[in-house]
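Each of the two complexes below includes chain A, the first together with chain B, the second together with chain C.
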Partner chain A sequence: MQVTLKVRRYNPEAEKPKDYWQEYNVEVESAGTVLDALIKVREETDETLALRCSCRSSICGSCAMRINGHAALACKTRVSAVAHQGEPVTVEPVGNLPVIKDLVADFQPFWDKVRAVQPWLQTAGPEPEKEYLASNEAMMHLAGVVNCIMCGACVSDCTVLEVDKNFLGPAALAKAYRFAADPRDAATSQRMGLYNQYGGVWDCTRCFECVQVCPKGVAPMDRIMALRERVMANGLKDTYGARHTEAFTEIIEHSGRLDELRLPLKTYGYTNIPKLIELMPVAIRALAKRKSPPVLHKSIPGVENVKRIFKKVDQLQKGDGKVSTEKAPPKP
Partner chain B sequence: MASRAAERVLQHQVVVLGAGLAGMRAALEAARAGADVAVVSKVFPTRSHSTAAQGGINAALAEDDSWEKHAFDTVKGSDYLGDQDAIEVLCREAPSDILELEHMGVAFNRKPDGRMAQRPFGGAGFARTCYVADITGHAIVHTMWEQLAKAGVRVYDEWFATSLITDDSCCRGITAMELRTGTIYTIEAKAVVVATGGLGRVYQPTTNGLICTGDGMALAYRAGAALQDMEFTQFHPTTLKNSGVLITEGARGEGGHLLNKDGERFMAKYAPNRLELASRDVVSRAEQTEIDEGRGVDGCVLLDLRHLGTKLIHEKLYQIYELARDLAGADCTKEPIPVRPGMHYQMGGVKTDANGAGTLRGLYAAGECASVSVHGANRLGGNSLLETVVFGRRAGRAAAEWAHEAPEAGPLSNAAGRDMERSIRELAGRSSNGDRPAKLRWELGTAMNSLAGIFRTGEQLAEGVKAVREVRERYARVGVRDHGRVFNTDLVAVLELGYMLDLAGTMVAGALARTESRGAHSRRDYPKRDDANWLKHTLAVYSPEGPKLSYATVTQTRWQPEERRY
Partner chain C sequence: MKFAFYPGCVSRGACPELYPSATAVAAKLGLELEELRGASCTGAGVLQESNLFLGDCLNARTFAMAEAMDRPIMTICSTCQGVMGQARQRINADPDYRARVNQVLAEEGLEYKGTVQVKHMLWVMVEDVGLDTLKSLVVRPLSELRVAPFYGCYIVRPRSALEVDEHVGRLTALESVIEALGGTPVEFPGKTRCCGFPILTINEVNAVAMVAKHTEDAKVRGADAMVTPCPLCHLNLDGYQVKAMGQVRQRIELPILHLPQLIGLALGLDPKALGLGRHIISTAPVLEKLSKVAVRA
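After this line comes the complex of A and B, so read on.
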């Protein structure tokens, strides 16, 4: 099939370096991938086009890029799936990382953040003579996260990183979870302190972009949520994030629906005057638009059923000691 | 690290070329031995091709298994060309190295008692392949990188090696190009460990990644080191038709069947005892025979996993489920996957002893680019990951020890770097009238595949020698169209093609000379193994006229050659 690739190019050695679009028409096999098409361009039309690629089988993590605006592995994306009715397929470097040349981004900030989560196993006590005993389920659960190929797709499309470069980001935090969830790892409390800091687990806004674009089913956001629970289970509850979570839960358990007036008050504290003053403009705008929450918050009918659900979850958690959001390893 | 940055000379005691499993393991060991070590790799470590290893890693862990059984299987698999002293080292040290990987954090699958699970693999008399689903190489690579990061080992990633510097047959360092700036540096070292992996791109198609261009083998060869057994190239029995991408042997280890167009499990005719789990050379030849004799399906045979059930496939073979779906459009829980044999692994490489030492002082090699030789004429599945950790460790240790002992040779000038800079600038500035490098690589690869394939004849190989020579002549005028300095992948492709042409020359020369069939080297005109004349290693040494061949004895300790049956 014939396809037009519209590639965002950048030559740092140009007199005035500036990114620009360039179109290439290329013939690929019907099952061909975007990577096949790009390689064909590079080999037959324009050798100056720079990109990283190697394995062609979604495992080396080199060829993440934005295809039609969303991060993906070029070697896993079939041309036929993205070339809609002869429209050109746009190809850009990953987002949230500086560009070196064409589709080649600078991954230094990416790896710095991965290194910052202490991405290595920290065991305690003398090593066993043989292997650590572990359940197959625990190891398979880890394998679901180990599946991460560090391609940077999640970081590319992370909406928090767009506005806050300090956020550790989905890839590093998924890696962090991989150790937190490892039954052999003994550095839990130290890790939780680390991940609880500014830029850590609480900075995710749960936008789902990373889950959507991850080519390996790692679901980084779910791992971040699981880390939040672990952080709180380790007694680290003195953050706005943790208090927001607790307040949210309390309110729902109490009345079956969100009390938008008390949620910020409980999160920030009734006596946290500077923060409450900060919130005033929002409250005033809401009032002006008649969207302020009622002062008298009513429970929903049948709230006792909600309470029963909470009780049941409580019992289940106590039963097997598992944290609720830790999902089974991703299935293909 | 010291440096004379202005002169672009960097200094380390040990330089490891390549950051796949063998390279990272070597660097880690050199660091543990107290050496100032740096890794130089053309890609970030986790992008290395070790990550594509799927099925597993072998060790005799079970009580009723033994390292001797593992060693015998390996010797037999090698068609008796493996050096038995090295194979003994490999198999004796396997359990502790794999336990170390587990202690480092590799999430190996478990048995119900919590111990590591093992699956059957080809050519093995025992289920001794440890695994992480079908992402074993990937899981180990990332764990090894974690250890490297923890140890704070310096990695020059995205640096492309351009030469080994030698002085009086002693390795003194390397020159390399920092891809981000295009700058050539000289890195001085007492010892260099070459761990650059395979050369799959010499063939078209291949399971290997685009980066597998045999760089370190070629640089060692150019520097005067001997390459060993280069005619032995493994064709993996199960690769996807169009892309050549690998489908793990673990698929057959878990019970998958190979069928021809009549739905017959044809392996019963070729290997009545081990069927689909005969050694790879045997299975690949059987498949090719079925295809050649008209019992294939569209140039393929069928890998049938349906009877394994959806649950097993999703738990233990999920990567290949995705690959078959994404690249071949086949749902392997519902239909067989069309597969064919494809170039996968190079048994030959830089000749080393069991400590990784090459034939030049200060030069070491480990992993696929080395020939210790533990694989001889045919490698068993699950032994290559094992080789990377056992011999990576040993080479790293030996390199560090040599670096401590080696006499001071005085500082290296940056002459080598300057010369390299000049010749590369010349190349990069060359007019672009010649052939495109990709076209030449394609011609080389398809010629190698048809003339030095699963079955080969003297006539084909002589033609192969000519084809390599002809491509080489055109290579002298190859065009470079990217004249920039920053991340110039066009220039890199041209340099890589030069490496591959050198290696292809040694491969066809060795194959033409070896008038017997042994392991993966299967001559239609000499269909029998000939121990009287050919139970010996081929050595290839560089000369301006082409590779000079000589031969070396195979070390035998306790196993006498027997006829090989599966």
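After this line comes the complex of A and C, so read on.
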């Protein structure tokens, strides 16, 4: 089939380096991938086109790029799936990382963040004679997260990194979970302190972009949520993030529905004067438009049934520990 | 068309203009709504951070209530839609898991059988009311309006929980509705990105930066207004736009409409009844543009 690739190009050695679009018409086999098409362009039409690739089997993680605006592995994306009614397929380098040339990005910030989460096992006690043993059962929940091939697709489309480069990001935090949740690791409390810091687990917006674009089903966001649960379980509850989650849950248990007036007050703390002063202009603007939630918060009818669910779930989870809250997510 | 109506907390809380505008539009379109009065909050993904199973039990309770009414659920909040969709997917996929959930519901005499449908009002427009019908009911066409569709996250991702591959129209439903109402959709890069609301209390600078980015992007592309199916996006995009303007030192002032407000305007409903006077960013420029178009008899 015939396809038009619209490629985002950038040459740092140009007199005045500036990115621009360039179109290539290329003939590919019906089952051909975007990577096949790009390689064909480089080999037959334009040898100056720079791209990274290696295995062509979605294993090495080299060829992540944005295809029609969303990060994907070029070798795993069939042209026929993205070429809609003869429209050009746009191809850009991954987002949120500096571009070196054309489709090649500088992964240094990516690796720096992966290193920052200490991606290695930290064991305790005397070394065993042979290997460290872990039961099958204790490792099964890591089956998804160890599939990460470090391609950077999740980092590319992360909405937080778009506005804040300080965020550790989905790939590094998924890796953090992989070690924090490993039964052989003994550095839990130190890790939780590390991941609880500014730029860590609480800065994720839960937007699902990383879950959607990950070519390997790692579901980084779900790992970040599991880390939040672990951070709180380790007693680190004095962040706005943890307090927000706790306050939200308490309010639902109490009345069955959200109390938007008390949620921010409980999160910030009723005596947190600077923060409450900061809230005032927003609150006043809302009040002026009669947009304030009811001051007298009403419970839903039959709230006692909600309370009973809270109690029953608590009993079950404390009782046999089998009702895991870290349930493996289905494939996106 | 009968639905078990799940309005969500925010439509009667911090966005009190949403509930009346949605019910007014539903009445106009002949949608018969019976409210799920005893249903709890979905947990919004926040409660799920501390206890996913608990969240699934609360949502299964709502599903069981809708099953007993023998009606699909209609939501007017993308976040509720997304969280319920994810819960439904987890519970439906695994009979053992469902049995554990039902064990919790049994004390109230409820059981979730795995048959519930959950549909946002946006999808109801496209799949149940139908775009042709919607078009035929327009009396005040939005022909002077350029509208930026802001989907946000939970009504487009994760795709499997929202069954968008089975219903391909869902990913372009906002544009379809804008066009059916006579308006012109404005394409902008952030339409399916996060509005920033979930981290508003945690990292306000980042949350507000997202507001600035999306509203500015839509504005420079000629949008007169932005429309969203999510009241939480609305809270941030409208409520924090003044702060966003301060952050980027730009005058943006882009009116943000709830989906039923946009539909209601085109169907000839009174702007005041649709709560258009209750926005932080004035909707007056939108009404002024609309006044240039003759209302059909």
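As a working rule, the second predicted complex is superposed on the first by the 322 of 332 C-alpha atoms of A that agree within 3 Å, B and C clash if a C-alpha of one lies under 4 Å from a C-alpha of the other, contacts with A are read in each partner's own complex, and residues count from 1 in each chain.
Convention: a residue touches a chain if its C-beta (ideal position, glycine included) is under 8 Å from a C-beta of that chain, and two chains touch if they have at least 3 such contacts.
Nothing here was measured: the structure is a model prediction, and the numbers come from that model.
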item	value
First (chain B), second (chain C), both or neither touched by A:L276	neither
Chain B versus chain C as contact partner of A:T159, first or second or both or neither	second
Which of chain B and chain C A:R285 touches, first, second, both or neither	second
Chain B versus chain C as contact partner of A:A186, first or second or both or neither	neither
Contacts of A:Q212 with chain B and chain C, given as first, second, both or neither	second
Contacts of A:L194 with chain B and chain C, given as first, second, both or neither	neither
Contacts of A:L142 with chain B and chain C, given as first, second, both or neither	first
Overlapping contact positions on chain A, where the chain C interface meets the chain B interface	331-332
Partner chain A, residues of chain C touching it in the complex	9-10, 13-17, 37-41, 43-54, 57-58, 61, 82, 89-90, 93, 97, 100, 103-105, 107-108, 153-154, 157-161, 189, 193-194, 196-199, 201-203, 205-207, 209-210, 213, 239-240, 242-243, 277-280
Contact set on chain A toward chain B in their complex	11-13, 29, 31, 33, 39, 42-44, 46-48, 50-62, 76, 78, 100-102, 104, 107, 111, 115, 119-121, 123, 127, 130-136, 139-140, 142-143, 146-150, 179, 182, 184, 331-332
Residue ranges of chain A in contact with chain C within the complex	69, 159-160, 162-164, 202-209, 211-212, 225, 228-229, 232, 239-241, 244-246, 248-249, 252, 256-258, 260, 263-264, 267-268, 281-282, 285-286, 289-294, 300-302, 305-306, 308-310, 312-313, 316-317, 323-327, 329-332
Chain A contact footprint on chain B (complex, rising order)	43-44, 46-49, 51-52, 99, 102-105, 107-117, 132-133, 135, 138-139, 142-143, 146-147, 149-150, 180, 209-211, 242-243, 245-246, 314-315, 318-319, 321-323, 325-329, 436-439, 480-482, 484-490, 493
